[in-house]
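For reference, the structure discussed in these notes is given below.
Read from first to last, the chains carry the letters A, B, C, D and E; within each, the first residue is number 1.
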Amino acid sequence: NSDSGKDSSSSKSSSGEASGKITAVGSTALQPLVEKAAANFQKENSKVNITVQGGGSGTGLSQVQDKSVTIGNSDIFAEEKDGIDSKKLVDHKVAVVGMAPVINKDVNVKNLTMDQVKQIFTGKITNWKDVGGKDEEITVVNRAEGSGTRATFEAAVLKGEKAVKSQEQDSNGTVQKIVESTPGAISYLAFSYINNKIQAVSIDDVKPTDENVESGKWKIWSYEHMYTNGKADGATAKFLDYMNSKDVQDSLVKDMGYISIHNMKVQKDSKGTVSSK
Amino acid sequence: MDDIQKKLQTKSKATFQDYFGKGICYLCIGLIILLVTCILYFIASKGLATFTKNHVRVLDFLTKTNWNPGAIDAKGHPDIGALPMIVTSFSVTLLAAIIATPFALGVAIFMAEFSSKRGTKILQPVIELLVGIPSVVYGFIGLSVIVPFIRNVFGGTGFGILSGTLVLFVMILPTITSLSVDSLKSVPMYYRQASLALGATRWQTIYKVVLRSAIPGILTAIIFGMARAFGEALAVQMVIGNATLMPKNLISPASTLTSKLTTDIGNTVMGTLPNNALWSLALILLLMSLILNMLVKFIGKRGRF
Amino acid sequence: MNAKKIDHLATGVIYTLVISVIVILIAILGYILFNGVPDISWHFLTSAAQSFSAGGGIRDQLFNSLYLLILTIIVSLPIGLGAGIYLSEYAPNNWTTELIRTSVEVLSSLPSVVVGLFGYLLFVIKLNLGFSILSGAIALTFFNLPLLTRNIEESLRGVPDLQREAGMSLGLSSWKTTTKIVLPAALPGILTGLILSAGRIFGEAAALIYTAGQSAPTVDYTNWNIFSTTSFLNPMRPAETLAVHIWKVNTESVTPDAHLISSASSAVLIIVILIFNLGARFLGNKLYNKITASK
Amino acid sequence: MKEYNLTDSYITDITEKKALSTDNLQVYYGDNHAIFDANLNFPRYKITALIGASGCGKSTFLRCLNRMNDKVARVDGEIMYRNTDINSSKINVYEVRKHIGMVFQRPNPFAKSIKENIIFALKNAGINQKDELEERLEQSLKSAALWDEVKDNLNKSALALSGGQQQRLCIARSIAMKPDILLLDEPASALDPISTSKIEETLQTLKKDYSIIIVTHNLQQASRISDYTAFLHLGHIIEYNSTVNVFTHPKMRPTEDYVSGNFG
Amino acid sequence: MKEYNLTDSYITDITEKKALSTDNLQVYYGDNHAIFDANLNFPRYKITALIGASGCGKSTFLRCLNRMNDKVARVDGEIMYRNTDINSSKINVYEVRKHIGMVFQRPNPFAKSIKENIIFALKNAGINQKDELEERLEQSLKSAALWDEVKDNLNKSALALSGGQQQRLCIARSIAMKPDILLLDEPASALDPISTSKIEETLQTLKKDYSIIIVTHNLQQASRISDYTAFLHLGHIIEYNSTVNVFTHPKMRPTEDYVSGNFG
């Protein structure tokens, strides 16, 4: 199926000015980036009309699968999502996002081992004093089940074990706020949401930095994907090319707090296997 | 046959005006019925798919306490129990109504009976203003004021039923108040006069005459307030903690039907079990609001002399 | 205790309740305004929002909110009027009418997320309206209608039958009587309902996230051609409203000044609702006085 | 209450031209049979009074005559007006009401200006020339003896008038439509004696051009102003005769008791 | 309306024992001065009628007498009852109203049973013995001439009574409190003549034990039942005299015009 979705009445000519209507829906994390890129893109391609919306990765994937939208934005591989037939979808990786455990500042812990993180999130360790902090109960704050951040974090950290039942929040902003204000709280956030009011934790003495992600030392990261149903063409293809161009990767992607896809020295497949590029 | 006689027997402009007006009104109400039917059908079909397509047992859904749509339990059934959410929804709703009612009634009595025109003039718009504050804003005030307050006073994380209750209390206060005012005002003036002229005090008049006859209206107001509390999502979601656990006490994180629904819906794929299960929660909400409405009707009937 | 003492006591209790409610109200409004008003500036009101950098404004969101409000009222008021008139003037007193009333009221207590998702699947996807102001307005109509209908019905019922009899006995059709006699007399009540629902529309976020969308593409405020995609009047463009903006800024935004934007936007929202409230009341009274020739 | 035989009645024959007549009129409120076999002829350019104890059906009967009971009650039988049965479902009720006007017990002016109150219905009836409207406005207010009191304030709200003035405005509003017949349901019972006598005077002058049927529970009023009187009891027309006869030589026992105050 | 001199008045001296008197009573609705310098003495165990055109201030004046105008209007001056100025702010108004009962123009029974209607206020006033309640119930209904009609249906809703019965119930409700004085504001104006005459009879018997002040716009009624009559005009008491004198030898010009129907 090579049609790029019914919303896109894109012109077939691949040269010259593209025209058409593109709707990109899905991941809220990716939305601002694509929105900004789309605005810049439309300045040069005034005949292209791009609508960018959130709704969550699940929404993005299922809508692009139904061809209701042109592009489905997702934080996770289509293969990871139940109910999505990934064979029909074409993946376009547009950025990399690193994630780190974050804790409330008063806990005063700066480093954990991968195993400790795992035990905390599976509910086996429940007090900070067991990992070198003060005597305070651990409050685990999870992202909502099915969120890309949670899927990535659990794949990298829990390795198949089940997370403890605890608080869940459906957005990064709320998690940030709760960790900031709740004593003893721990959660995880994409690098872009980490600020100086919360404590990002090193794992096995590796600091959560862009360089460590790029080199593969930091294990918790994922791609930001833009899926099309079938091969992209016309304006959609042109826009996706633009997303991958230096223009976007070296400026917007960085501004957003993401890592450029070009800088990665390792790559990950949908099963989570990491290999060097 | 004279002119008038003929006129009597033929349709006139007024007749057509009436056809026209009737047509419009039927059209409008028809449209509303269509909308309602659509949305009911939509939710019912989605919500029932959990049971028909995914073969979750209704009884399990309503009585089990483990919500785990991704997994399958020992017997091979999907592991979906909504009881924690149902219990939490009921708890916050009832508690919020219990707290809000005395305040709302106090204000309503003040506005309807104490006849201080100026007080009413100020209170009325302020109460209307409260209705317009977005849920998110209530949620954030809850998150930054109520949650820390509860944490400091009662311990725990501060997230839980109590915080949810307090936020909802403020949110349903205007609803209950303004509907109660309406119902108090509809008690005929002469009841009050009659009672006062008999030497009853103002409070005796309010309590034994006015409130008595306004009771059906006030109950309706409370139930509408409860319906609003039951369906409120964004604000509750921020302060209740969203843990699909059976609430053990008022200050442990819990999850209401709506908060679960809003938290997860964007992260699931249409047509899959996790998504259908969420729609089943919506179906419960719908049924609840139906039951609450029936209750209103019932009270209304009983209340009439 | 004698009756007079109880009277004093009850009065005291009621005053205590009223004062505590007033304190709560003032605390909430004060909290929002105190946190927000200092950050409101002309620049804030008139510049576009920023995704990653500080200093963004709410120009488009504010306009979208107002535009959506107006569109929603345009869509829902006539329907609400028609349905309200039906229920108060035409509906027979039987179980079908009760059923209609019940279903309308059930609609009013549906969580707005559900309405939003329904609107998303039906209008945005099925009817191909896309993420647009129009989809948003229709979704908002869904939960605006029940309240509005109920309110209009009750206001109409409040007008004494004497007025209807007067109209009918002059040979007026019941439609004319209703629209020209009863409706004007019911205007103040209808207005209050309208203001209340306008407040709700203005503050609604959940139903709009999936219908009117969460992005505010830059529009051209000089383009009055409502069919043009860049026109600010085009109802087919996506439109993030102020309430949605507050939601988004709080939940997903990476802008450094998210907190500031959120509190200032909340304050703006409340101020706009207040202005709307007072304005509608003022205009309504004017209109009422004009129609009824009272002063 | 005394038991009377309700099947006996005395109905006089009207020799004058008839304005309206009812033939075997029955009214039911659900199961409640409110009017039984009413056969009455109302003479033209006369005032006919309907009297009877509270709840006997005076208002019910009156309201049938211009179909105000549509949707409220079931009305069987014929009401003949200009050789047409206006109780038939084929009849255009709006036209009926233009020709048979009605004034109610409690004054019910519209919440509009005095002027608007009068010309509103006229405009709706298709009268649009300014002259005609002005003329009818003045004429009807004069007929209702209200002109002098309001002529300088025609744009004032009708609700600002006193009760008696409001009632006369309602009469003016009715007659501005130039009806044939005017029905009045206790038009003066909410008014003070001054206003009442003004209204009575008005009716006396109106009767030159209109046939008037008036319900009243004030026997003095009935005897003062009406030419014919019908006495109703429990939904039955017990006696119908010239007013003088009804009050001085009642033919039926219940009537006699009622007018002499020994009733019930 | 004719212009009369409003400062002249004729107020007769009451030689009998007084039930109530007003001294320089003034009433203001905001800026609107509604009652001017009312100085009236109401004799004990007599019926005093207040008459006058609509809006002259009859109701306003009456409502002052048991402080029903509190919060509605500003009332200056003294109202002496048992040598106490009951218009003073120190007075317990609830007690005042127990001794000075009131019945309104439109019957206003509570939506409760007949029995409940009567004992409601009694219970509020702290009377709880069953015997006493039953006794007062029967006594008051008998005084109001309603006992025979309702004694088998005391638990029926009061709203199911006819208008006249409702009004008598309201009178019974008032006198169950054993007041000294009974104020009635046009108690019969909404009723048919039968009910009206029942009420008038009731008042005649009540006057043995109560001092009664009644507002009426029915001059016949005033002359039939009252001993004294006060005529009000535009807020002024123009004439106060024995009823016979007021109706047959009015001292003042406005009174004369009013009672002879030449007023206004």
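The rule is short, and it goes like this: a contact is a pair of C-beta atoms (placed from the backbone, for glycine too) under 8 Å apart; a residue touches a chain by one contact, two chains touch by 3 or more.
Composition by chain, UniProt nomenclature: B = Phosphate transport system permease protein; C = Phosphate transport system permease protein PstA; D, E = Phosphate ABC transporter ATP-binding protein.
Just so you know, these numbers come straight off a predicted model, no measurement behind them.
Undergrad: Per the contact rule at the top, check every chain pair and give me the one with the most C-beta pairs in contact.
TA: B-C
Undergrad: Which chain's centre, taken as the mean of its Cα atoms, is farthest from the centre of chain E?
TA: Using the mean of the C-alpha atoms as each chain's centre, the farthest one from chain E is A.
Undergrad: Between chain D and chain E, what is the separation of their C-alpha centroids in Å?
TA: That pair's centroid distance is 33 Å.
Undergrad: Would you mind pulling out the distance in Å between where the CA atoms of chain A average out and where those of chain B do?
TA: 36
Undergrad: Can you check how far apart chain A and chain E are, centre to centre, with Cα atoms defining each centre and the answer in Å?
TA: 83
Undergrad: For chain B and chain E, let me know how many angstrom lie between their CA-based centres, rounded off.
TA: Roughly 49 Å, centre to centre.
Undergrad: Two-or-more-chain contact residues of chain C, please, as numbers and ranges.
TA: Residue numbers touching two or more other chains: 3-4, 7, 171-173, 176, 250.
Undergrad: What parts of chain B, by residue number, touch at least two of the other chains?
TA: In chain B, 13-15, 200-201, 204, 262, 265 touch at least two other chains.
Undergrad: Specify, in ascending order, the residues of chain E that touch 2 or more different other chains.
TA: 94, 124-125
Undergrad: Could you run through all the chain pairs that touch each other?
TA: So the chains that touch one another pair up as A-B, A-C, B-C, B-D, B-E, C-D, C-E, D-E.
Undergrad: Would you pull the chain C residues touching chain D in the complex into a rising list?
TA: 160, 162-163, 165-173, 176, 180-181, 184-185, 291-295
Undergrad: Mind listing the chain B positions that touch chain C in their complex?
TA: It comes out as residues 13-15, 17-18, 20-22, 24-29, 31-33, 35-40, 42-43, 102-103, 105-107, 109-110, 114, 119, 123, 125-137, 140-141, 145, 170, 173, 178, 182, 200-204, 206-207, 224, 227-228, 230-234, 258, 261-262, 265, 282, 285-286, 289-290, 292-294, 296-297.
Undergrad: Residues of chain E touching chain C in their complex?
TA: Against chain C, the touching part of chain E is residues 92, 94, 124-126.
Undergrad: Which chain B residues qualify as touching chain A in the complex?
TA: The touching residues are 69-70, 143-144, 147-148, 151, 157-159, 237-238, 241-245, 253, 255, 262-275.
Undergrad: Which bits of chain E are touching chain B when the two form their complex?
TA: The contact residues of chain E facing chain B are 66, 68, 71, 94-98, 101-104, 106, 108-111, 120-121, 124-125, 157, 159, 170, 173-174, 177.
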